[in-house]
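In what follows, structures are represented as structure tokens.
Okay, so chain A shows up in both of these, paired with chain B first and chain C after.
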Partner chain A sequence: MNTQALGKQTIKFAHPPAIIGAASIVGEMEGQGPLAAYFDQIETDPTFGKESWELGESEMVRRAVQTAISKSGLTKEDIRYIFGGDLLGQLIGTTFGLKDFNIPLFGLYGACSTCGESLSLASMTVAAGYAQNVIAVTSSHYASAEKQFRFPLEYGNQRPLSSTWTVTGSGAFIVSSTNNQPMSNYPHISSITTGKIVDYGVRDSMNMGACMAPAAADLIYQCLEDTQMKPTQFDKIITGDLGKIGSEILIKLLLDNGYDIKKQHMDCGVSIYDNEKQDTHSGGSGCGCCAVTLAGYILHNLANHTWKRILFVPTGALLSTVSFNEGQTIPGIAHGLIIEQL
Partner chain B sequence: MKVRQNDEEYNKYVEIVTPKHSCAKNCIHAFLVGGAICIIGQGIHDIAVNYFNCNEEDAGSWTSIILVLISVILTGLNLYKKLAKYGGAGALVPITGFANSVAAPTIEYQKEGEVFGKGVKVFTIAGPVILFGIFTSWVLGLIYWILLTTNIL
Partner chain C sequence: MNTQALGKQTIKFAHPPAIIGAASIVGEMEGQGPLAAYFDQIETDPTFGKESWELGESEMVRRAVQTAISKSGLTKEDIRYIFGGDLLGQLIGTTFGLKDFNIPLFGLYGACSTCGESLSLASMTVAAGYAQNVIAVTSSHYASAEKQFRFPLEYGNQRPLSSTWTVTGSGAFIVSSTNNQPMSNYPHISSITTGKIVDYGVRDSMNMGACMAPAAADLIYQCLEDTQMKPTQFDKIITGDLGKIGSEILIKLLLDNGYDIKKQHMDCGVSIYDNEKQDTHSGGSGCGCCAVTLAGYILHNLANHTWKRILFVPTGALLSTVSFNEGQTIPGIAHGLIIEQL
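After this line comes the complex of A and B, so read on.
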């Protein structure tokens, strides 16, 4: 048996891949939030100079990948694969943004957990020796997501207090093998824990935090069990987009199972906006939410050694307008990565 | 995980931790916004009757037309949404809310073309209102006709 497989759902890499470059491109609203200083580009044009929300999202993906490549001092010919995904039907955000790069692509869908899914697969590919450099990229766009999942933007309705605000943003990461370079310069992905689909029977699509919190709790629990670690061994345990309500539920569910993560917990959805001033209700959400927070704020804190080890857990709600209208529940999924700076 | 609540317990717990809009506050906002829209409507009606010599029927039509026009313009400027956020059902129930629900998808789906964009999607929100509105009036008409032919009315 391969010794890198740990416990039930975790892989601990013998040669942990590094994140040698990252880029975050966000919209205007994110640029007015508390994390503004950490983003690479803040674009005030909601369509990013294109004709539609969808093409705007693709342009954002293209810029994220381009910026990540140039920041890491590589060229696109150095990249062997891209693992990418977004929230739009048939992944048009990702595919139309990446079609001119001529890099082999794996298109992924894990709702808002796609950031964790793409980074997991990217690090597996690199750690296995199948590639030197690969890219993981995800995106979401407020307007294209509203249009697809909810209502046209100009339609007047009231959002419940439990609802979240889809982040306009795209984050791209260059995941590379550390065989030929000193490892200490870059944060590296030391292990990944892949999540199961967890369904607690919630049907309220306006309360995604409650749909996803059990999946996040299950993942964090399993990661701690598999790695035999305690929450105190992490500087931060960072969930994707549970929002205020989901975060409260997560902490309670883990406490029920003997783990207290209250001190370490942070949620990208809660951190990216000033909920009071920006009126975002429960917080931010979307594939872009945790991706830009990781690419900007989190990697920054790892690079300057403020944090040494974090558990990063993007969370996704698995629904479509069809499954919702047909009365199905909304299961959740979460994927975890332990990212360390030595 | 070791400890797992059953779905029913969990949903009850979620209900408790999820904050809700205050119903009383929403009702007051709806009353103010809905009332204001109706006062504007009454104002247009009175001007039509007093200054333009309209009869009741014509004045009513002008009132609807002008309110719809105002709503569509506000929708285009993305302002009706703000009114609805504050006023809730007060902005939704009057004819202006209906106009907003037709204008919003037309703007949103313009990019997908005249037929499959605007044409197909124009009633995505208002469609049920039109369908069930017409159906209900047909049922009422049928009852009225039966009552008439059986000499009850």
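After this line comes the complex of A and C, so read on.
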């Protein structure tokens, strides 16, 4: 079978690239949640030993990339490209985290969908034969994101129940060519579905789940149509950070369009915190949320064959404080990948 | 010849994609400069008929994409992906400009190097057979960029002589597969060289040329080494927006490393304004600067065979107001493409 552009938005790879290494670095709050055992490092210092939250985020990115390289038995000279991004304006988390690696960089922004975007471009690059090994990395940091998007932490604003808690975390992945032979015990990226901007006119920046759910529904629908697959063919259909409220909207939107994913659906934002004990309201969010959940819990379940095939769908809300304050809507975008044991 | 990963950072395409259409939309100031005759639209309203500078920038992006599609005789249904980005935090210029096209989107950020980044990923995608036609688009807007990065326009700060003037402009390009047959009269992207972050420790945000010149020098050096070509094999070696001061640094850095590009070098930032009459100090800058110069003047000179082969090197300065105010350096990055008549 050749690599195919399938349907409207999907590419199915003839020789799916493998994820041969991954690393997750998280903050204290994530280290107190139910997925703690799956993370590589839990750091209790919110600035990661640096002088600011932003430099702390960069240090987290650096550690994620370094750990992923080390765990996979490679050196940085083996990596041809990095595909990376974060939530901060002009990607300063990524820039200062990666600047000393000396590896060609494609900087990406897809809000919290960036993990899906980076893995998509990474697998396209490897599957085309442009590189043997590349890295996809994304990050978010609770304090730098609050400063970027919402209120100064010192102000102590009350968060509505629909709001989510930005995950402090960075996940990095080594995506590698299998030289046309599937590698047992490594998960493979067998197809990607690239999202369009979907705008339902939602304007509530404290309800990001509602902004992103339509984009997630659109992407999952298109992936199932393009690949001619059914929800039951997946062990899990995993969204990035819709949270509780967004997840309910997603399931309803897909049901209205003929697909019932209730049994398969999992949301990284819902899974990463113990919402009762940790008081995170609608759940976790941020570029780092699905990245560290994939690098930890999800790949673990694929590696030990608990799951055979998943659809992984990071979702992003496309806003800035400027667009929000000028009264614009908050459109969403999502990027999906089928990841499986071959 | 097969598509090859050449040397450290270059890909040489066996079947180079063609640029089958391009469009440039600019503001009034650019329409008074020496390249005015080459632009598709000159708009005298700084908000492009919208309510804010940011929405004006989005309208400019929308027009650039629409014009490029129309000029090439395609419809938007013929476009498989858009690779796009701008300078504003969280890419709101791109988001609101593209949201109604209903085309899968990869959002990119490489500061003013984004035009090179988007064309690189676009050509990788097409050359790999993932799509017949894709679009690369970038933009910047003087007023939205000043608001994002520097001072409120109303404050009327005095600009140092080393500063550049952000170009109001958006350039869009249709990058298409030639189905393995070069198309006469269209310029082709025959290779790409992807840049690393280069940090010489410069901290002066009013002297962006000095921040970016080392990255440009590094990229051009690596491209020449990887491809085993000499500066004399190019009609022009064209940087994005180094301006006068950055251009002088670039030429000196390359001379120190054994390459004399003085005769071939052109900088879009130096070319786009009449510096004497328009008082733009070190020249033009911004994502839009090299994008509209390529879409207009440069592609014109390739189409009429004045030039046969160029090296196009957009350059970016990786900073935000947060990183700058926290005392960080301003690293640079550059992405290069060899564009030629085949």
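List of remarks:
The definition used in the following text is that the second predicted complex is superposed on the first by the 336 of 342 C-alpha atoms of A that agree within 3 Å, B and C clash if a C-alpha of one lies under 4 Å from a C-alpha of the other, contacts with A are read in each partner's own complex, and residues count from 1 in each chain.
Keep in mind that, in the parts below, a residue touches a chain if its C-beta (ideal position, glycine included) is under 8 Å from a C-beta of that chain, and two chains touch if they have at least 3 such contacts.
What you see is a predicted model; the values in this text were computed from it and never measured.
Legend: residue contacts after superposition of the two complexes on their common chain; A:52 is shown touching both chain B and chain C.
Shared-chain residue A:256: touches chain B; no touch with chain C.
In the superposed model, A:273 makes contact with neither chain B nor chain C. Contacts of A:162 after superposition: chain B is touched, whereas chain C is not reached. Contact with neither chain B nor chain C is seen for A:312 once the two complexes are overlaid on the shared chain. In the superposition on chain A, A:234 makes contact with neither chain B nor chain C. By the document's definition of touching, of the two partners only chain B reaches A:217; chain C does not. Chain A residues in contact with chain B (one complex) as well as with chain C (other complex) are 51-52, 147.
Across the interface of their complex, chain A is touched by residues 3, 5, 9, 11, 51-52, 54-55, 80-81, 85, 87-92, 95-96, 98-99, 102-111, 117, 120-121, 124-125, 127-131, 147-148, 194-197, 199, 318-323, 326, 328, 331, 333 of chain C. Residue ranges of chain B in contact with chain A, taken from their complex: 1-3, 5, 7-8, 10-11, 13-14, 17-21, 26, 75-76, 78, 80-81, 83-85, 88, 91-92, 97, 100-101, 103-105, 107-109, 111, 124-125.
By the touch rule above, chain A contacts chain B in their complex via residues 51-52, 147, 151-162, 200-202, 204, 207, 210, 214, 217-218, 221-222, 245, 248-249, 252-253, 256-258.
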